[in-house]
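As written, the chain order gives the labels A, B and C, with residue 1 at the start of each chain.
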Amino acid sequence: MSVRSPLARRFSVAKLPDHWFVACRSRALRGQPLGMTLQGTPLVLFRGADGRPGALEDRCPHRNAPLSAGRVRSGQIECAYHGWRYDAGGACRAVPGLPSPHQARASRAAAYACVELDGYVWVYSTPGVEPRRDPFRYPFLEDAGYTTVHRELQVGSTLFAALENTLDVPHTAFLHGGLFRTRRKENDIEVVVRRYADRCEAEFIGEPRPGGIAGRLLAPRGGVVTHFDRFVLPSIAQVEYRLGSASHLVVTTAMTPAADFVTKLFVAATFRLPVPGLLASAFLGPIAGRIFKQDAWILGLQADNVRRFGGERFASTQLDVLGPQIWRLLRKAERGGASSPCEGVEHEHRVRMRV
Amino acid sequence: MSVRSPLARRFSVAKLPDHWFVACRSRALRGQPLGMTLQGTPLVLFRGADGRPGALEDRCPHRNAPLSAGRVRSGQIECAYHGWRYDAGGACRAVPGLPSPHQARASRAAAYACVELDGYVWVYSTPGVEPRRDPFRYPFLEDAGYTTVHRELQVGSTLFAALENTLDVPHTAFLHGGLFRTRRKENDIEVVVRRYADRCEAEFIGEPRPGGIAGRLLAPRGGVVTHFDRFVLPSIAQVEYRLGSASHLVVTTAMTPAADFVTKLFVAATFRLPVPGLLASAFLGPIAGRIFKQDAWILGLQADNVRRFGGERFASTQLDVLGPQIWRLLRKAERGGASSPCEGVEHEHRVRMRV
Amino acid sequence: MSVRSPLARRFSVAKLPDHWFVACRSRALRGQPLGMTLQGTPLVLFRGADGRPGALEDRCPHRNAPLSAGRVRSGQIECAYHGWRYDAGGACRAVPGLPSPHQARASRAAAYACVELDGYVWVYSTPGVEPRRDPFRYPFLEDAGYTTVHRELQVGSTLFAALENTLDVPHTAFLHGGLFRTRRKENDIEVVVRRYADRCEAEFIGEPRPGGIAGRLLAPRGGVVTHFDRFVLPSIAQVEYRLGSASHLVVTTAMTPAADFVTKLFVAATFRLPVPGLLASAFLGPIAGRIFKQDAWILGLQADNVRRFGGERFASTQLDVLGPQIWRLLRKAERGGASSPCEGVEHEHRVRMRV
C-alpha cells in the first residue's frame, strides 16, 4: 500500500507525434506573435506576409531568446535581442550587422506545419515534416440550420483525464447533479462500445430524456433520445444528442495538451433546437459554464492528488466505457500508430448502466 | 569543504511504521471529512455511523480524486467525482450507476487504524494492519488537582529537529534569554542521561530555580528543582519540573510528522502551581507563545539552510544530551525495532553543563 | 529537433575555484552580518574586531542554523540558536554552557579569504586556502582627472550570458536602438579579436562616433573613436572608449555569480569628458538605467527560455566576437587553469562587422 511503490509511477501523459492540434482561435492571432506550448514545447505563432499562420519553436537559434518576445515585421518574426529574422518556414532572413546577407541563411528555426480552418489555427505536432493527414473538421459549421457557440477553456489536468471526463456519463449525474442529470437512477440502459482504428464511441440505448434544466430546454415534450459519445484521435471529444426530430446537439471539443497537466479546450457547441438559437444560448450558456467549473474543479483536484501520490492507480468498472479505450488509442498514437481512419469496427461490446 | 560532497546528503528524516500519531484534536473532526498528511501520505479522516473516527488514504481508488473533497453521508465518505462511497474500514459500499450493487465491493481504499483518546484522534502509521501497541497517554488529564492547557502548533522542520529543540536546554538561555533562563551562566550542574528501549531522558541535578519571569511565577519562593526532559517513541517530547512541593509542571508534546519538513505539535501543559490555574495560564500563555515563536523561527531557518546546503552536517558536544539519543531511537523505530516499552535502563552516562 | 535530446542539456554555468569576486560594496557591510551566495554557496560576511571583513560558510557547524541570522559581538559572529561564536578565520571561540571553554575550539566553520579594496569587499571562491592572486583593480579610481559612478545591479542570468551581453556590440543597435547606436547600419568596420591567457579583447577599428543621445554627449564635435571591449577572468567586463583627446570612458563591471542563474553586477563607470562630470552623470545616468533595464529584461527571458527548453543550443556567427572566447576562458578557469596573467597574445583574428 506504500505510495512509494514503483507501481504508482504511472501518469496518463501521452505525447503524440504527427497529429494536428488547435493552437488558438483565428481571431486571437493578429499582428503580433503569440507564444504557446504544445505538449510542453514552446512555440511561437505569427502570420506571414500572405496572412497565413506559421509556427516555430519559440527559441531564437542564435542565443535562445523567446521569439514570442519579439515583433512581426513584414511577415517575419524578429528576435528582440539581436534582431535576427525568420520567415514562417523557419529560414533566417536577416542578421543585423553581417556584412554579407546570405550568411544568415545557415540558421534555421524548427518549423511546425500550420493551417487555418473553421476559424481555428491548427498546428502539427512534429516539426520539419509534411503532415500525413488533415485536421479534424468541426461538423455543421457551414449548415445554416445550425447555430454554433465557440468557447475556449483550460483545465489543470492531463489530456487523457480531460477527454475521459468530457465523455463520461456516470459523473454527470453526481458531480453535476440537477444540472442535466438527476441523482435518482431508475433506468437500466444498454451501452454499445465500439472501437475503430482512430476512434471509439459509446452509443446509449434506451436513455430517457436527460433530466434537470438542460433536458427540459432541449426537449420540452420529451421523445426518443439518441446519444453518442465519441473520441477521435488525437484529442477530439464529441457528445451528440438527438431528441425526437426537432433537437440535434453536437458538442465538439478539440483539446490541446499544452503541458503534461495543462489542457486547453476549444469547444464548439452546434445545435438545431425547437427554441431559437439565441434563446438556447442564453439559457444553456450559464448551465454549461457551471458544468465546466465543476469539471475543472474536480480535474484540478484529481491531477494535484495524482502528483502528490507520485502517480496514478486507477480502478475501473464496466461503467468506465470509454476511458480505457481512449487510453489505448492514445498510447498507440504515441508509438506512431493509428495512421489513418478506417471504417471497420475493430471491437464492440455491450454493458448495462443505470441512469 | 565542498557543499556538494555526498557526505552532506543526510537529512534527519525518519519514517516510522507501526506507530501512533495524533491526527487532530477530537473537536476538529465533526461532520465533514478532514484531509491531512502523515509522513507525506495524504489521509482523509471522517466519523463513521457510530461516531468513531476512521482514516483512509486520501485517494479514491477509482480515479484518484481526493476523498477529502467529498462529503460524509451516513458515516461513509463519498467521492466528489463519481459518488463512490467507502466505510471507515475502506470497503467500497456504493458505485452509482452499477446495476448490480455487489460489484462495488471489489474496490477498497487503504485504511489506517484510528482511535480517539483524551480528546485527540490518533492514527496508526501503517495501513491495513492491527496496531501492535496503544497510543501514548497524556498524563494527569483526569487528575482534578491539575490544570491542563492544550495548544496546536506547527513548525517547518523535521520531526527530529523539533524534538531535539523541545528537549534542548542550552538554547533556552540563549534564544529565549530572559524568558525562562538568563544568559549569565553561574552554575555547573550534572545531567544524567538514560536510554531505554523506547525512550530516553535527561535528569538535571543541582539546577537552580529557572530565572526570568517564568521562574518567578512557578516558584515565587525558590526551592529545590527536579527537572526531567524525556523523549518517548515515536514522537513524544516531555518536560517535567517540580519546584519544591507546591509546583509541578509537565509539558507533553505529541508531534506529528506531516511531511519531511512539516511537523505538527499537539501540546498539553499540565500543572499544579501555588497560584490559581487560570492566573498561571494568563501569565504563562503569552510567555509560551513568545518562546514558541522564537523556536519556530530558528527551526524554519535551520530547515531552510539544511535544504539549501543539500543536507545536514551536525557537530555535537556533551551539551547535546538528548539529540543523538533521539536520533538513534528514531532510526531503530524506522527499521521496525523498539517494539515494546521495557523498564530497564540500557545506557546511562553523566555530563556537566553550565546553566 | 526534439527538445528532449541530451544535446540540449548544456547550460553555460561555470563554477570557478580560486578566484576573487566582489561580495558587496564596503558601505553595505557594517555592524551586522550580511548573507550572500557565491556560486550557489551561502556565505556570511561580517567585520572582525579590527574592522576587516571576514567570510564564512553561512551555516553553524553545530546545528546548521544560518550564521547570518545571528549577531556580531566583539568582532565574532554569534549563532542565533545556541550562541556559538566564530571569529573571521572560522575558529569557534565560545560554546555557551560548556564548562571547559577550550572544548569549543574543536569546531570550525569553513572560512573564505576576504579583502577590502577600492570600496568593495572581495571574497575568494575556494575556502580554507591562501589566495594565489590579487583581486582585479578598478582603473582610474585614484586619478583626480576622472569621475567615477558606482552602481550595483542584478540580472537573472548566468555569469556567461551577462558577460557576453555586456561586451556584445550587435545587440546594442537593436535592443537599445536610439539610445547609443542607431539601427541604420552604414559602416563596415574591422574588429580585431585577441585572446590572452586570462583575458580577451575586441578592438573596433573605423567605428564612427556612437550615434544617439549618448554619442552626442560624449563627443559633441565627433572625432576619431578608439573602442575596446575586454573580458578578464574570472568575471570582469570592461568597455573602453576614447573619442578624440577630450573624452575617455571606461565602464568596468565586476560580476558575481550568486547562483547558476543570478548574477550581480558591480559597475564602476569612470570618465573624463568635455562636459562637467556631474552634468555627464545627470544625463548619462538615466540612459544607462534604461539600457540596463532592457538588458535585464532580455537576459531574464533568455534564461527562462533556456530552462524551459532544458538547455541551450546557441548558434554563433562572426559577429559574436567575444562570447566564444569568454566561454573558453571560463571553462579553462573552471578546470583550474589560467593561473596567472601573462602579456603575450595567444590568438588573434579579424572580422568585419556592419555598424
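Simple rule for what comes next: a residue touches a chain if its C-beta (ideal position, glycine included) is under 8 Å from a C-beta of that chain, and two chains touch if they have at least 3 such contacts.
Keep in mind that what you see is a predicted model, and the values were worked out from it rather than measured.
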{"item": "Copy-to-copy rotation for subunit A and subunit B - C-alpha atoms, rounded to a multiple of 5°", "value": "120"}
{"item": "Shared interface numbering between subunit C and subunit A [over half = same, under half = different]", "value": "different"}
{"item": "Length of the line joining the C-alpha centres of subunit A and subunit C, rounded to whole Å", "value": "48"}
{"item": "Shared-contact residues (touching 2 or more other chains) in subunit A", "value": "none"}
{"item": "Complex contact set, residues of subunit C against subunit B", "value": "40-42, 57-59, 61-66, 69, 80-83, 95-99, 103-104, 106-107, 110, 127-128"}
{"item": "Subunit C residues touching subunit A - in the complex, by the definition given at the top", "value": "1, 3, 161, 169-171, 173-175, 183, 185, 188, 298, 301-302, 304-306, 308-309, 312-319, 352-355"}
